[in-house]
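The structure is given below, and queries will be raised subsequently.
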Amino acid sequence: MQEFVEFTLGGLGDGVIYAAIGLSLVLIWRGTRVLNYAQGGMAMFTSYLALFIINATGSYWLGFVVALAAGLVLGAVLERAVVRPTLGKPPLNAVIVTIGLLILIEGVAGIMYGSKNRSFPAPFSIVGAKIGSFALGPGSSPTAIFTAAAVLAAAGLLALLFRYTAVGLRMRASAFSGTVAQLMGIRIGRITTLGWALAGLIGALAGMLVTPQTFLYPNSMDSIFVLGFTAAVIGGLDSPVGAIVGGLLLGVALNYVTGYVGSNLPELAGLAILVLVLMLRPSGLFASTATRQV
Amino acid sequence: MTLARHAGIAIVAGVVLLALSARLDSYRQYQLAEVAATVVAVAGLTVLIGISGQISIGHGAFMFIGAYATALIIMHLNWNLALVILASAVVAGLAGAVMGVAAARLRGPYLAGATLMLAVALPAVAYQWQGVFGGDQGLDFAVTTPGFLGVNFGLTEWQAWVCCVCALLVMVVLANVLRSRVGRNWRAVRDNDTAAALAGLNVAVLRVRAFVVSAACAGVAGSLLATTMLNVTPGAFTLALSIQLLTAVVLGGLGSLAGAVWGGIILVLVPPFLTNFASSHGLASAGASVPIAGYGLVLIVVMLAFPTGVQGGVRRLLGPVVPAASGPVNALGRRWPAIRKKAGGRDAGHELTSTQEVDKEGTR
Amino acid sequence: MTEAASLTVTDVVAGYGSAPVLNGVSIAARPGTITAVLGANGAGKTTLLRTISGFVRTRSGQVTLDDVGLSRRSPDDIARAGVAHVPEGQGVITELTVEENLRLGLLLRRRADRAPALADAYQRFTILADRRRRQAATLSGGERQILVIARALLSAPRVLLLDEPSLGLAPLIVAQVMDLIRQLRDEAGLTVLLVEQNARSALSIADRGAVLSQGKVVAEADAASLAADVGLRRHYLGF
């Protein structure tokens, strides 16, 4: 029983990170049908920036804030400079460009900071909680709780933004129909940039929260990205809720596999889950069947 | 006859390469083998992406399969090398068929995601069943030069020969397939799968076939690399390999076999060059990262500078096969091309349908 | 409502791909009038509206709103200039609610004007008020047409472009929609460019009409004259 609780909480803790990456991918995908393969790389890079600030000033939270701000800016800049020219062209172009971005960011990080593993501070203690002598595992540590809270808060704020603000309405309209949005005077270019900025922010948040576990090196976000991508795909790329649900499901399922079956198998389990879901629902669990207007 | 022409080119190239390999030192022979093997993989991926219009960011997985199949067959069975390579191709091709069946149902990023996951998950097999696959250390084995070449024939030269010959064979086969009806059908499916289906083509079968062919090529490449390195480890088949293959396809020109050759050459020869360059200019610690950053930069620049990609380029060469872009111009002055409509958009109604006008020419 | 403007199209050549669809089209829509654009399928009517609203680039010629040039500007820019285009097929965003669709129109209004404008719209179009919280996908064809016209009006446009508002609607609903358009001109003095296949309905409310055939204007006159010209009607308009 204790194992089950440990694995479940740990899985939710992992899942929340996958959900965050998945959510940032969905944010970008909905508006422009671009899948940002560099999302993990961007998060890694902002974490390096944070580490630099943390080491220079001794303040974790300053680094945290800088990372988030950098995520915003990086997202906006990359969209405008590199991804915007691929709009309206064959989808493969955007795939190659974002993969190129990923490789470039990893290379630049390696050049600037070297490629050896660096340890990364966590915001709070990483020691799991206990109820009496019942240990709940690392998934119940203050850091883990903060992680979950932060991601869910971010998702919640996004949801509020979308539903209740004019900007949110513009973003949703642009995502559902770029043509109609333009007819309504919406500058869909700016909306796209905003989407990337927000995605960069969430990605940076995920990076800050998971890097204490993975250590920081140029490829540290690669496997997180793959799982976040899987979460988004499972949930359906058009669905923010799907990304969150997909992430949590994936995190818990993989943790069960690692815990109960064997530590070499999470990737294979992930593949199996992905294949299973896509065979049943080729567009993801939460794919809507409403037709989209161009 | 194109078969004769392709074979002729291959024979000439073969003679040139074999003569060349005699003059190279051991390390260069090894590189020649590597280039040849890589070209095979890149060519297969070019067929999949550029010709049949699908995507795979996990093709390293099929190389992994081919390589390990080769290692296991050599270690446990005493087969002729040619047979070993062929068998590896078949095994990889079968895996490609399985993937292809999945691919037939999936589009765009969903397919990309599945191939990505495949590339990440498959090497884990080596760790899980260590008894068979050797875990982290992998498998080591030996290959000997055949008797008829004489006792003193260098191993690396033999390996280079094997790889070059196989590469030429594969290229001839691919070139002929691309010229055949299958190749034309693949292009039709790539350009407009709805129209292709309406014209009676079995889109799903064609897609699977493309996957089988490209996976088999990757399997051959993996097999060739294995016989060259005499060792297979999971660490040689990471996700980075799959992305490098994709890079090579793009750099080579996304759709031509000649381009695949260039892509393979660049992929093998440029990184060591860049690393040396970096080291000699005082960037030793960043040595490995410079070619990485360089790759990324080149990919971005190439894609931005040649925005229409292969589909646009080919279309321009052949003339409009389908009505030209029939969608609205977006705010940034670019047309949404017909391809984007396949993502579920509904045609907002345009005037290119035939008119119901009365025939007589009215006065103007 | 802001004052209506004149919309002038001068010698416009535009289209997709290699052959232009519009081969030198000139049309003038005077302020506060309904100008019908008629002709068979393929004549270029929809392309004309798309060119005006910026989705199709003009290869030569000019589009002006009062005296301000519109050619070469982006669609969202043109919308902000006061040209409201209701596209063929309506352009309802089905994933949003009725109210959210309407709010899209409000985005171009000043904050202070938004709430009163919306209240007015609900008062005028009670059918939308009844369904305001429902997903737009649940509306019938006629209701959607009303929705998009209301949405366009909410942006306080100076010119309204309507592309085949009668398409797919039952005759009774068509009459209601045409009536609405006529009221908009009468009460608010709105300038309307009305593309229609249903020439009879369009001419019944229009002030002037232009007939397009194969990308050229083959006839332009006041609506009554066009309707009376039997030969023209039979040849180009189908009745």
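Each chain carries a letter (A, B and C) given by its place in the written order, and its residues are counted from 1.
Definition applied: a contact is a pair of C-beta atoms (placed from the backbone, for glycine too) under 8 Å apart; a residue touches a chain by one contact, two chains touch by 3 or more.
In this text, all values refer to a predicted model and were calculated from it rather than measured experimentally.
Distance from per-chain Cα centroids to the pooled protein Cα centroid is smallest for A.
Among the chain pairings, A-B comes first (most C-beta pairs in contact).
Look at where the CA atoms of subunit A average out and do the same for subunit B: the two points lie 29 Å apart. Between the CA-based centres of subunit B and subunit C the separation comes to 51 Å, rounded to the whole angstrom.
Distance from the subunit A centre to the subunit C centre is 43 Å, each centre being the mean of its Cα atoms. Shown for subunit B are the residues that touch two or more other chains, namely 328, 330-332, 346, 348. Shared contact sites, meaning residues of subunit A that touch two or more other chains, fall at 179, 182, 187-188, 291, 293. Residue positions of subunit C with contacts to 2 or more other chains are 54-55, 74-76, 87, 89, 91.
The residues of subunit B lying in touch with subunit A in their complex are 49, 55, 57, 102, 105-110, 112-114, 116-118, 120-121, 124-125, 127-128, 239, 243, 246-247, 250, 254, 283, 285-286, 288-300, 302-304, 307-309, 311-312, 327-328, 330-332, 334-337, 339-341, 343-348. Here subunit C touches subunit A in the complex through residues 53-55, 74-76, 79-80, 84-85, 87, 89, 91, 93-96, 100, 103-105, 107-108, 137, 151, 155, going by the rule given at the top. Those residues of subunit A whose C-beta lies close enough to touch subunit B in the complex are 29, 33, 35, 82, 84-93, 95-97, 99-111, 114-115, 178-179, 182, 187-189, 218, 222-223, 226, 229-230, 233, 237, 262, 264-268, 270-271, 274-275, 278-279, 282-284, 291-294.
The touching residues of subunit A, counted against subunit C in their complex, run 166, 169-170, 172-173, 176-177, 179-188, 288, 290-291, 293.
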